[in-house]
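Please find the structures below.
In the two complexes below, chain A is the common chain; its partner is chain B in one and chain C in the other.
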Partner chain A sequence: MAIDIGAAEVSYLEHRGVHRGIASWVLSTDHKRIGILYLTSLLSFFAVGVLIGILMRLELIAPGETLVSARVYNSMFTLHGMIMIFLFIIPGIPAAFGNFFLPILIGAKDVAFPRLNLLSWWVYVAGATLAVLSLFSGGGAPDTGWTFYAPYSLRTGTNVTLAVFAAFVLGFSSILTGINFVTTIHRLRAPGMSWFRLPLFVWSLYATAWVQVLATPILALTLMLVMLERIVGLGLFDAARGGDPLLYQHLFWIYSHPAVYIMILPAMGVVSEIIPTFSRQKIFGYKAIAFSSLAIAFVGYLVWGHHMYTSGMSDTARWVFSLLTFLVAVPSGIKVFNWVATLYKGAIDLAPPLLYTLSFIFLFMIGGFTGLISGALATNLHIHDTAFVVGHFHYVMFGGTGFMLFAALLYWFPKMFGRMVPARPMWLAWLLMFIGFNALYFPMLILGWMGMPRRYYDYLPRFQPLNVVSTAGSWVLALGLAVFFVTLWRARRHGEIAPANPWGGSTLEWQIASPPPVENFERIPVIERGPYEYGEIPPVE
Partner chain B sequence: MGPVTSYSTAAVDSVLVFIVAVSMVFLLGLTIAMVVFVVRYGRRRHPRPEEVRQSIALEVTWTLIPTVLVLAMFFYGYAGFTLIRSPPADAMVINVLGRMWDWSFEYENGKQSDLLRVPVGEPVRLALHSADVLHSFFVPSFRIKEDVVPGQENFLWFKPEGLGTADVFCAEYCGTEHAFMMSTIEVMEEAAFEEWYATLDRLEDHPAYQVMDDVGCFFCHTVDGTIEGGPTFKGLFGKARRVVRDGEEVEVMVDRDYLRRSILDPAAEVAVDWDADMPEDAAEDLTAEQLEEVLDFLEIVR
Partner chain C sequence: MTALGTYVKVWLALIALTGLTVTAAGLHLGSLSVLAAILIASVKSSLVLSFFMNLRSEERVFKVMLGVAMATMAVIMLLTFVDVWYR
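And then the complex of A and B:
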């Protein structure tokens, strides 16, 4: 059964609108162009974040001063965190791939509010500019860690006020995108695209968008209060003025824990697209996966206190948060079981997108299991604020979301740019990244258990051997990243011309031309089947 | 010989072993399943996918089993935690002061130390205080940690098993020299500890103490933290404080220079929230040498 979408028109890349040159991008309201804008900007910031990360690892290759002073190192981990979290991974998959593919996947011509969509990119750029400005003005780059814990953040002479304002502005970009996606999914589904015919990536974007809309305002408020504390000495968080440092931590994590799910849920959505396509198998447990996204988004609101087991909050609060934390592990487990079950009796093509996806599952499991160690009360008291936690969240955020962002790039690149990505260099990039990643972060888990605290510029000699392994791992990982992105960059111009459906996918984006026409569908399609029916699509050789 | 352990070490380690063991079963099982499926159902060997029926039974199974397992992990972690959070009533209480960037310890008899010396086998309860920002008292070999929060007293307790030393780190980022904020716990024989503990390096024995008592400093300033007419000397040295200088509020470090200025010319820089009512001639009777001794004294009152 072919889906009637009318005749192809000119692709979004070649379309000549009212603007020319760069303006045809930065003033475009086309969700696809905005997706590319986001992709370009966030990958640029990713490169900066990686560079800072490599320098930090180099500093830690030996105890004592290797490269920079303690003061500079402290600013480096602050910047690395701010850039990677606020500028790369939170916008990440939703802003780049969500923008590009959400309307196509539900059979719409654009998002519900195209201009708001462009505005959210501009707000993102404004926030990013402020963040960069904060490095070079006032007292210099902030040195508080990305968490801005009071009262240190209130008394440091560095430019925390502007950096916090930058994060405040970035929050609005996130909220606008969230509102846009929720509305789009409710209002713009094509005829016949019922809720349970939505591709699972859309479900994950839907859950994520609600978290963005409901949680981000709390961050905005909290950051505004930090600014007021610094500027007028409000005294909410500073014990010296009768405030409570723990209040800041509660407010901060009420947003920042759900934010972790903003980061990981869309990545899980991409997994649920790639596995069916490359195993030519209907996804196992569609509803279980869809509802587990909602469950994660909901329970994710209630576990913020697990960042605070050692903070001095009541023992009752500690065990309640621990219990809830263990419950939130279950829906993630359900997803993994269903993904693996989808492979069963399929016709599996281990092409690069699937390879990266299966690596995601492996690395994410390690991230999840180390999360259990962090979530249990007794063990948390030991590993909290150590290198173990740093290793744990890099397994989740980089091994998880990062690898899935790469997988999404490999999967959708032919659709976005109309060119195929050569597979061999991507196997090499995978090998380097997989080895480098584990060499970089696994030693941190052991170091943390041995007792090395995080955010440490210097360490005792007994921690050195594993730090050397970790630093060497960062070089291998960086090499893998270089192979990956150079290959993509070359493929953009020199790759083979991509057909409309190179992977034999069954979702709507594969039924239109590569790259997609300006308005996606000449005629809005009528949907008569679920998203993962492969029986009718001939296999790709 | 490794570092000293506490009763809590084994309790925490057993929780780790349990979680890691269960996790390894799942990690290996699922990874092997992925590899086997990819090989067994590779497209070349298995070109036609076979329909697999959705299974409610399977969904329920892999929801319930993990739920039971994570609840077991929760309870196991909770049990260890309860132990760590229940100090015996007869534990020796030691006050810990964390500040940017060192630790100091004060015992029940007023003895002060930069090292945490404790007798072997005796329960010790630490009362954690911060002079400035957040810190965290972390003893890796005891597997315990608790934040040190300004304006709030948190606690930890431990019971060392065996003689030797254990590292103390600050685990909550606290500024430039966070990584250098370390100390050591030294576990001693009961007798050796008692001997050390009894030799009180009392403030009253300091040469400056009598001088200051004669001058009358202690009418308004205390050395034990209580507030009389003026700020207490305890913990004053090395802190940043806001003062009014020439009608303007500025921040100064309390160092020897600042203290010398304040003694010689009390009204020049008055701490915010205090009236400028210290006598102008307070230091009149002090010789230059005595003044330096007083500064030495103020440096150690913490």
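And then the complex of A and C:
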């Protein structure tokens, strides 16, 4: 059954709008162009973050001062964390791929508020600019860690005020995107696109958007209070002024824990798109996956205290949060089981997008299990603030969301740019990244277990061998990343011309031309089936 | 349309409740003072939402959305107090 979408018009890449050159991008309200704007900006920041990460690893190749001083190292992990969290992974998949594909996947011509969408990108750029300015103004680059814990963040001479303001501004960008997506999904679904015919990526964006809208204001207010305390000496968080530093930690993690679900949920959504396409099977447990996204989004609000076990919080709170933390594992487990069940007896095609997706499942499981170790009160006391935690969250954020962002790029690149990505170099890139990644972070898990604390430029000599392995891993990983992105860059111009549906996908984006026409659909389609009905799709030539 | 008189009455009620907040803060209710402040503030915001923002006559989906937001916030506060009360 073909879906009637009318004749194809000129693609969004060739379309001549009112503006020319760069202005046709930075002033465009086309959701697809905005998606690409976000993609380029956040990948640029990712490159900077990776560079700082590699330099940090270089410092850690030997005990003592190797490359940089303690002060500089402190600023480096702060900057690395801020870039990776606020500029890369939080906007990440929703802002880049959500913007590009959400309207197409629900059969709409654009998001509900196209101008607001463009504004959100500009606000993001403004926030990023402020963050860069904070490095070179006032007392210089902040050295508090990306968490800005009080009271140190209130007292350090570095320019925390501006950095915090940057995060504040970036939060608004996130809120605007969230509002836009919730409205779009409620209001702009094509006729016949009922809630249970939505592709699962849309469900995950929906859950994410709600977290963005409800949680981000809490961070904004908290950071505002830090600014006020630094500027006018308010005395909310500094015990010396009668404040409560634990209050800061609560408020910070009330946002920042749900924020880790802003990072991971969209990645899980992409998994649920790629697995059916490459195993040519209807997804197993559609409703279970859809509702588990909502469940993760909700339960995600109840567990922030597991970041604070050693902070001096009440004992009651400690066991309550530990108990609640175990709950999050349930919906995450539901998803993993359903993905594996979808693969079972499927006609599996191990093309690069699926390969990267399967490594996501593997790495995310390590991230998840080490998460249980960190989330259980008793074991947390042992590994709190050690390299174990650094290993754990890189497995989740980088091995999880990062790898899925790469998989999404490989999966949707032909649609976005109208060119195929050659598979061979991507296999090589995968091999390098996978080996490099595990060599980089698995030793950190062991080192942390042995007692090496995080956020130090120095360590005891007995920790050196594993640190050398870890640093060598960072080079292999960097090489893999280079192969990956150079291949993509070349494919953009020189790749084979992509057909409309290179993977034989069944969702709506594959029913329109590659790259998509300006308005996506000449005629709004009428939807008569679920998203993953492979029996009815003609096979790919 | 809500009559002008209603708006004025709601406004007066809001002012009265602000007065109540200030009075309650002066009573030194101990750990209950936060609860009192939150309760009064909730009444005030419900008034603003239902009258000034006309949520009363809106579609159900908006009410549900607001309910979800409120419930989330209530749970967050409750969990924070699991620490504060037992510390």
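By definition in this document, the second predicted complex is superposed on the first by the 538 of 541 C-alpha atoms of A that agree within 3 Å, B and C clash if a C-alpha of one lies under 4 Å from a C-alpha of the other, contacts with A are read in each partner's own complex, and residues count from 1 in each chain.
Operating definition for what follows: a residue touches a chain if its C-beta (ideal position, glycine included) is under 8 Å from a C-beta of that chain, and two chains touch if they have at least 3 such contacts.
Note that the coordinates shown come from a computational prediction; the quantities given were computed from them, not determined experimentally.
Peer 1: May I ask you to decide whether A:T379 touches chain B, chain C, both, or neither, giving the answer as first, second, both or neither?
Peer 2: Only chain B; A:T379 stays clear of chain C.
Peer 1: When the two structures are overlaid on chain A, which partner does A:A317 contact: first (chain B), second (chain C), both, or neither?
Peer 2: second
Peer 1: So, does A:Y344 touch the first partner chain B, the second partner chain C, both, or neither?
Peer 2: A:Y344 sits against chain B, while chain C stays out of touch.
Peer 1: Classify the contacts of A:H250 with the two partner chains as first (chain B alone), second (chain C alone), both, or neither.
Peer 2: A:H250 sits against chain C, while chain B stays out of touch.
Peer 1: Should A:A108 be classified as contacting the first partner (chain B), the second (chain C), both, or neither?
Peer 2: A:A108: touches no partner chain.
Peer 1: Looking at A:L302, would you say it contacts chain B, chain C, both, or neither? Reply first, second, both or neither.
Peer 2: In the superposed model, A:L302 contacts chain C only, not chain B.
Peer 1: Which partner does A:L460 reach: the first (chain B), the second (chain C), both, or neither?
Peer 2: It touches chain B, and chain C stays clear.
Peer 1: Applying the touch criterion given at the start, work out whether A:Q281 contacts chain B, chain C, both or neither, answering first, second, both or neither.
Peer 2: In the superposed model, A:Q281 contacts chain B only, not chain C.
Peer 1: Could you give the residue numbers on chain A that contact chain B in one complex and chain C in the other?
Peer 2: 246, 315
Peer 1: Which of the residues in chain A come into contact with chain C in the complex?
Peer 2: Listed in rising order, the residues of chain A that touch chain C are 186, 210, 214, 218, 246, 250, 254, 298, 301-302, 304-305, 313-317, 320-321.
Peer 1: Which chain C residues qualify as touching chain A in the complex?
Peer 2: Listed in rising order, the residues are 61, 68-69, 72, 75-76, 79-80, 82-87.
Peer 1: In the complex formed with chain B, which residues of chain A make contact?
Peer 2: 70-71, 74, 143-145, 149, 151-152, 155-156, 239-240, 243-246, 279-282, 284-286, 288, 310-312, 315, 318-319, 322-323, 326-327, 329-330, 333-334, 336-338, 340-341, 343-350, 358, 361-362, 365-366, 369, 372-373, 375-382, 384-386, 449-451, 453-460, 534, 539
Peer 1: How about chain B: which of its residues touch chain A in the complex?
Peer 2: 11-12, 15-16, 19-20, 23, 26-27, 30-31, 33-34, 37-38, 41-43, 46-52, 54, 58-59, 62-63, 66-67, 70-71, 73-74, 76-81, 83-85, 132-134, 136, 138, 140-141, 143-147, 149-152, 154, 167, 169-180, 240
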